[in-house]
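Report on the structure given below.
Order of writing sets the chain letters: A, B, C, D, E and F. Residues in each chain are counted from 1.
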Amino acid sequence: MKKVEAFIRHEAFEPIRIELLELGFPSLSVMEAKGSGRQRGITERYRGAELTSWLRPKIKIECVVADGDVQTIVDTILKHGRTGNVGDGKIFVLPVEQAWRVRTGESGEEILQAHPGEG
Amino acid sequence: MKKVEAFIRHEAFEPIRIELLELGFPSLSVMEAKGSGRQRGITERYRGAELTSWLRPKIKIECVVADGDVQTIVDTILKHGRTGNVGDGKIFVLPVEQAWRVRTGESGEEILQAHPGEG
Amino acid sequence: MKKVEAFIRHEAFEPIRIELLELGFPSLSVMEAKGSGRQRGITERYRGAELTSWLRPKIKIECVVADGDVQTIVDTILKHGRTGNVGDGKIFVLPVEQAWRVRTGESGEEILQAHPGEG
Amino acid sequence: MLLLALALALAAAALLAPSASAAPSLEVLGLQGRLSTDLGLNSAWVVVAGLFVMFMQAGLAMVEVGFVRGKNAGSIVAKILANFAICGIVFWAVGFAFSFGSGGLLLGTHGFFTEGQSAFPLAYPINPKGVTPDTLWFFEFVFCAIALAIVWGTTLERVKFGVYLIYAPIFAGIIYPVIAHWIFADGWLRADLHVQDFAGSIVVDVTAGAAALAVLLLLGPRRGKYAPDGKPRAIPGHNMPLFGLGILILWLGWFGFNPGSTLNALDGRFPEIVLITQLAGSAGVLAALAVMWMLTKTFDIGMAGNGAIAGLVAITGPAGYVKPWAAVVIGAVAGVIVVFGVIRIDRRVDDPIGVLSAHLLAGIWGALSLGLFATPLLAAHNLPGSHGGLLYTGSFTQLGSQAVGVIVTFAFVFVSSYAVFWLIDRTIGLRVSPQEENVGLDISEHGMYGYPEQFIPSPELIGYGAVPASLRIGTGPLSDPDVTA
Amino acid sequence: MLLLALALALAAAALLAPSASAAPSLEVLGLQGRLSTDLGLNSAWVVVAGLFVMFMQAGLAMVEVGFVRGKNAGSIVAKILANFAICGIVFWAVGFAFSFGSGGLLLGTHGFFTEGQSAFPLAYPINPKGVTPDTLWFFEFVFCAIALAIVWGTTLERVKFGVYLIYAPIFAGIIYPVIAHWIFADGWLRADLHVQDFAGSIVVDVTAGAAALAVLLLLGPRRGKYAPDGKPRAIPGHNMPLFGLGILILWLGWFGFNPGSTLNALDGRFPEIVLITQLAGSAGVLAALAVMWMLTKTFDIGMAGNGAIAGLVAITGPAGYVKPWAAVVIGAVAGVIVVFGVIRIDRRVDDPIGVLSAHLLAGIWGALSLGLFATPLLAAHNLPGSHGGLLYTGSFTQLGSQAVGVIVTFAFVFVSSYAVFWLIDRTIGLRVSPQEENVGLDISEHGMYGYPEQFIPSPELIGYGAVPASLRIGTGPLSDPDVTA
Amino acid sequence: MLLLALALALAAAALLAPSASAAPSLEVLGLQGRLSTDLGLNSAWVVVAGLFVMFMQAGLAMVEVGFVRGKNAGSIVAKILANFAICGIVFWAVGFAFSFGSGGLLLGTHGFFTEGQSAFPLAYPINPKGVTPDTLWFFEFVFCAIALAIVWGTTLERVKFGVYLIYAPIFAGIIYPVIAHWIFADGWLRADLHVQDFAGSIVVDVTAGAAALAVLLLLGPRRGKYAPDGKPRAIPGHNMPLFGLGILILWLGWFGFNPGSTLNALDGRFPEIVLITQLAGSAGVLAALAVMWMLTKTFDIGMAGNGAIAGLVAITGPAGYVKPWAAVVIGAVAGVIVVFGVIRIDRRVDDPIGVLSAHLLAGIWGALSLGLFATPLLAAHNLPGSHGGLLYTGSFTQLGSQAVGVIVTFAFVFVSSYAVFWLIDRTIGLRVSPQEENVGLDISEHGMYGYPEQFIPSPELIGYGAVPASLRIGTGPLSDPDVTA
């Protein structure tokens, strides 16, 4: 099992979610994150004084999948996440050793996504 | 060392935290997350127009423990996290290679939790 | 590639970010987290009733770097994160198997940070 | 539809009703420009005072918003609007006639739909030093409306919206009017027992508090309020700034409430009542802050606000009867009462904004304090036949009357309201389901969060993520490299 | 600089202008203490009523804040302040003279810079039962200012700030004054056609709605409002509590708006108009809640508020002409109209706060309802020569006049505003760039978020992280071990 | 307890004090219905004007809430309530007698506890065209209370709560009354030097600004405000919408402040003062927006609001003395002053809401502008013996008096306040610890966050997670599968 972690733009998430759902991957989690990378900071002004912000808002997607599904997930994210501008984000893949479904206590690869008939 | 990551319902966290504390695991971190899985989206209404929400709020627990403690943590989460309804969440275990305590700069397994006498 | 995850105090982040930038590591992500560890809970009062809070706000830094850069990152965090009081935080290192830059679709270690000239 | 039908029926009734009065109507007099300056002045003053009282709806709304959790904040808005709306129509149709219409010791029986100028003994032309009947209507309506709004303070975060729609017309149509008739107009408590209540410590606050207690007993506490061992746990409100705004608006409104209750700008009393109101509010804040500081070593924000309300509630009854120094005493005692009241009551029943302490207890204290501190001169002025307070007269007579007034009011309102709420509980139910309570009333009763951006994941909110790819614009020179369109 | 230059020019002009009037001026009379009590009373009442209307700026601001996304909340503040400021100066310099100055059927031509007391036929001393000219100025100014504020309701979250600065002077200087002159003062619609509008269903609401429609058609919807298949999608406002506060402030303000439009505290009319205003607002809320409940089984918060506004807008025109029961009908119908209006209009054009429904449609209904429900007595009192409504007279005459009033107003305002906005669009542009819209107006137009702590990462906010290490204090005994300094 | 003791002592004193005056008291006259309509009208108008001024407490509270960080937002509420409460009691007990009681050129010496109607030369019956003494008390009290509230603007986010409790009685009891006596009542600055100040540019704003500067110099900047190299850094306030609401409430309040200062509804002056007030506020906004746009190419929200305040502060002094066109000039200059003031002052001292610019500098400018633009007619009317401004008379006499008034006021208030704050600093200390400042005043001084849900982790808030397992209900059919009870 692998965990795909992606930092992407907010507006890229919706098409990614929809396509993953269609591909049979309804299960994922997201978190708000802020990141810095190649993009420059922006400067805000408040009653004449300045404030520089280096971190820009991103969405972090976390999705644990079977080893064979990693590429599908990555491709989908790349497809919808790309605008070509700096700040589009990064994708990382980490190893996962075990997984449990809390509802039933089952563990193993088959709990990662909803069973075909269940959805 | 392993990192236990769990996506659970908010209301499950408090009993989990209390039992982990009693078991000698006071150290953990939590984050707000939103997830989708088998549960359906819900529909909100605003002045007659609709808005469908697929992501539901969850708490993500992150807890790094020694290899031998993983099962204890997982069991505690499973015990309190389960309602039997879809949306109860998932637990994942990832490998961790090294750990440091910022306060002292020490590293290694023994820094993961408070020493018995310290707490 | 490794992922450095650190839970630190808010006020430690700014000097860490600045020094990492100077060292050539502009790329990282942060998230708000809450943690419990050796520090005690604090008690708030509301119209005479009490509320005890065990979790204290922390910043979580996530930074994926090449294997050889891990120690630099860790040292920088340790240097600025330490006040000597409980609650200074922890650093963990996890293995990463692959990485992609969304903007270009490139993958590999060289996408982790901005290229020298790119800035 | 139903409403429209009702409205049309009313219309028909009103059109057919013969205009009962023989004297030249106010309307005609006014159109001919024959109203006196004094009547115009009194009416303008009382309407303006009533506007400040009306604004207390916003004050209470903000107090409640501040004291509930964010997931229930929106429901306060719907609640206030619906109750205020219902009260307007019902108090016009029947409530005003029952309370201030001429009739007898038990109930007014004239003046439905504000018809018939002579039906209102407190108003011009029957009381030519007073105000026009419509002015009186408005001033008394805003009193009824705020009393109704206060009732719901004990029920926040768990009551069904439908409960408002059933109880509001009953309260505004009959429960409140009965008490207002008995104590403010020419009912038996005032006429026979000389119960005194200048601006409503009893009529507004004890009434609201009694109804609030009735519904609370049936409703029970919010989920999680009491730990398994029965210990109360803090459920902090989510927004102290809006709470503070609410307190200040209420305080402002009280300067309409009390001074406007002179119904008169010409007897020179209202400016002193302004002073007296301020002193009691001041003393309430300071006493509550001081007591809380002694108890907890913190300056509790919510208690400071509750102290203000308690002081103001307590002075509402005696405002027109006492000297300024007494207002300081009355307000300070109320500030002490409210602190211990909130803390003690919290151990047993769950009263999120402190209605039982700040309105019921402080209202009772205010009513009784009149029996202690009323000066004989002012008592005689306000109601010939009534008595000065214990301090001046050495007599318990007025204090006794006040106690009777409180007990009768509490008993009548509590019993009648309990009956109504009991019936509601047995039929449609008073309380939302545990799931709905968990998820919050905003989403479960109103279909949308009060703060959507706080509760809905940003990727699903248009403008924060959910812009379909097809709407994206191409790349280009961006001033902020991190923003794509 | 420009402004200063303008001000100095005005100063010079004013200094040089000969004081035109021969009669002892009000100023002199007043200084000598020779004003009548009646004039003082009327002026005090109307100024106070005007203050409540002025406060509607805050009400509308909070409604708009509540109904936009958090990233555009601050821009509302700047917008309201700038428009209100511009309106004050322009309406003083020229708007008031054009609207209420003496002149002719088309436009007032006297009284620029409020000079010349006799230039204002509705004010004292020409109308000795009325108010002073400055009082009239203030009351009419706050009307113009709220109309201008309403215009922008359709443009929120995407219009350039510069557009306000160009259109506001034109609206306050000529567009609104023309309509006010025609219908409120001695213009042709009122004098020749007997169009009636007590407090502005047409003059304020139809005018504002027509301009709001004009700019909306040129501006287009917010990004993402319509799905690729054209289906509208909800863009929920971010703060229902502030929305609710806004509605209650507006409701309060309406008690200045309608009753103050008597311009008189002595004809006994204003208290009844208070009652009538309340009834229509009440009915609007209840009808909107009921219809929404039938449609969606939820008690929609936003619609309850829109219903209140619609009921109040509709009664604005007929407030001084109808019986209380009619107010219930008028308000209830408006509440129904606004619900279907919002839902239908949302399918075609993007009107974030519902101006087109709650002001334009309800305003038209209000204007027409006067032609249905006006009593002959009140019609004659308000404007000799005008007629009672269809219900009383069986005649369509007044209804027809009302329809003409609506059509003429709509046509004039829509066409003139469309022309102005078209020109702006072709020159500096009406709309911010897609990037700016995405990131929000607060940051793109005003340089800072309205809620900085919500949008700026906490490590970069001083006090939440960004305290440089050099400022840190050493370790020591801390009461909260988790807080270092 | 202490408070109660005090109150009882007061009560005893008041009971024993012989009622000094021989003339039939107002109270008796009023009870007999023998007050004149004019007195009733004046008092009603001034009380209502005072209510709008009282509401400025809420306005200032919202401005401060908006301009501080979220972790200190709740403390504003406690601060405003405590200061307002203290001011009420102290100004009644002694402040009013010192300021407006009869006495001499230095201090009033009669009328403690508002006893003795004849002790107040500005009030009825001594000034039979005026208002009742209680009316005067209220109007002057709300002035003192807002001045006190403004003082604290420079201290936000770091001052100890105890400091309020010590300084407030001193300010309301003696510092403010001295200045009010000297300039508003019959003190030497007015009587001998003819210093003029219609509604308080000096008495309220310079006074508040001088005290604010004194405490700021002792207190120092917020942690992190200045970078190690001394460069100021932005600490943005957390809520622009509430800031905007505050500005609009303050603006509304100013229409009570200035026009109400006529203390009279019958000399025809107050409506023109309404107009003049609006013009200055308008010009302040536009000038500040324009200057900021030139400097930064953004339409700064905070500066627009500061500009409004500056314009309104500046016109406060000259409001009753100048022509409308002059109000535009005065307001516009104030708008320019405030922008440069804020930016310059920010480089040296940390004034979170801009008190030193918007009140102190604009107040000084307002006081001086009277010496430039006062018309001889109005100067003579307001204070026989005073002079018109430079522009009309070519004489520097009045301008010189104004300058003396400003300097004397600043010196007296600054020195006396500095002494008091210095003593506080040496004893209990002015400032919270760095840890407390970091964590925020809400939690450190008041025991609870102003926005608990923002700062407390949701799993620990009841209703967002912390429902013990034992309270959970079993599984069952759920409408939202993701919500368990």
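Please note the rule applied: a contact is a pair of C-beta atoms (placed from the backbone, for glycine too) under 8 Å apart; a residue touches a chain by one contact, two chains touch by 3 or more.
All of these numbers come straight from a predicted model, not from anything done at the bench.
*Asks:* Any chains in contact with both chain B and chain C?
*Replies:* Neighbours common to chain B and chain C are A, D, E, F.
*Asks:* By label order, what chains touch chain B and chain F together?
*Replies:* Of all the chains present, those in contact with both chain B and chain F are A, C, D, E.
*Asks:* Which pair, B-D or A-D, has more C-beta contacts?
*Replies:* The greater number of contacts lies at A-D.
*Asks:* Centroid from C-alpha atoms only, then distance chain A to chain B, rounded to Å. What do you get?
*Replies:* Measuring from centre to centre gives 18 Å for this pair.
*Asks:* Can you give the whole-Å distance between the Cα centres of chain C and chain D?
*Replies:* Taking the mean C-alpha position of each chain, the two centres sit 52 Å apart.
*Asks:* Can you list the residues of chain C that touch 2 or more other chains?
*Replies:* 11, 17, 30-32, 34, 44-46, 51, 54-55, 83-87, 94-95
*Asks:* Which residues does chain E have that touch at least 2 chains other than itself?
*Replies:* In chain E, residues 37, 41, 44, 48, 233-237, 239, 296, 298, 300, 302, 438, 447-449, 452, 456-457, 459-460, 464, 466-468, 478, 480, 484 touch at least two other chains, as defined above.
*Asks:* Report the topology of the inter-chain touch graph, choosing from line, ring, star, complete and other.
*Replies:* Looks like everything touches everything, fully connected.
*Asks:* Within the complex, which stretch of chain A touches chain F?
*Replies:* It is residues 44-51 of chain A that touch chain F.
*Asks:* Mind pulling up the chain F residues that touch chain D in the complex?
*Replies:* Within the complex, chain F contacts chain D at residues 1-4, 7-8, 10-11, 13-15, 26-27, 29-31, 33, 35, 37, 39-41, 43-44, 47-48, 50-51, 54-55, 57-58, 61-62, 65, 73-78, 80-82, 84-89, 92, 113-114, 131-135, 137-138, 141, 161, 239, 242, 245, 442, 445-453, 456, 461-464, 466-468, 470-471, 473, 478-480, 483-485.
*Asks:* Can you check the complex and tell me which residues of chain F touch chain E?
*Replies:* 37-38, 41, 44-45, 48, 52, 69-71, 129, 157, 222-225, 227-228, 233-241, 243-245, 247-249, 251-252, 255-256, 259, 265-272, 274-275, 278-279, 281-287, 289-290, 296, 298-302, 304-305, 308, 323-326, 328-329, 332-333, 336, 377, 381, 433-435, 437-440
*Asks:* Enumerate the contact residues on chain F facing chain A in the complex.
*Replies:* These residues of chain F touch chain A: 232-237, 292, 295-296, 298, 300, 302-303, 306, 339, 342-343, 346, 354.
*Asks:* Under the stated contact criterion, what part of chain E meets chain A in this complex?
*Replies:* Touch residues, chain E against chain A: 438, 443, 447-449, 452, 455-457, 459-460.
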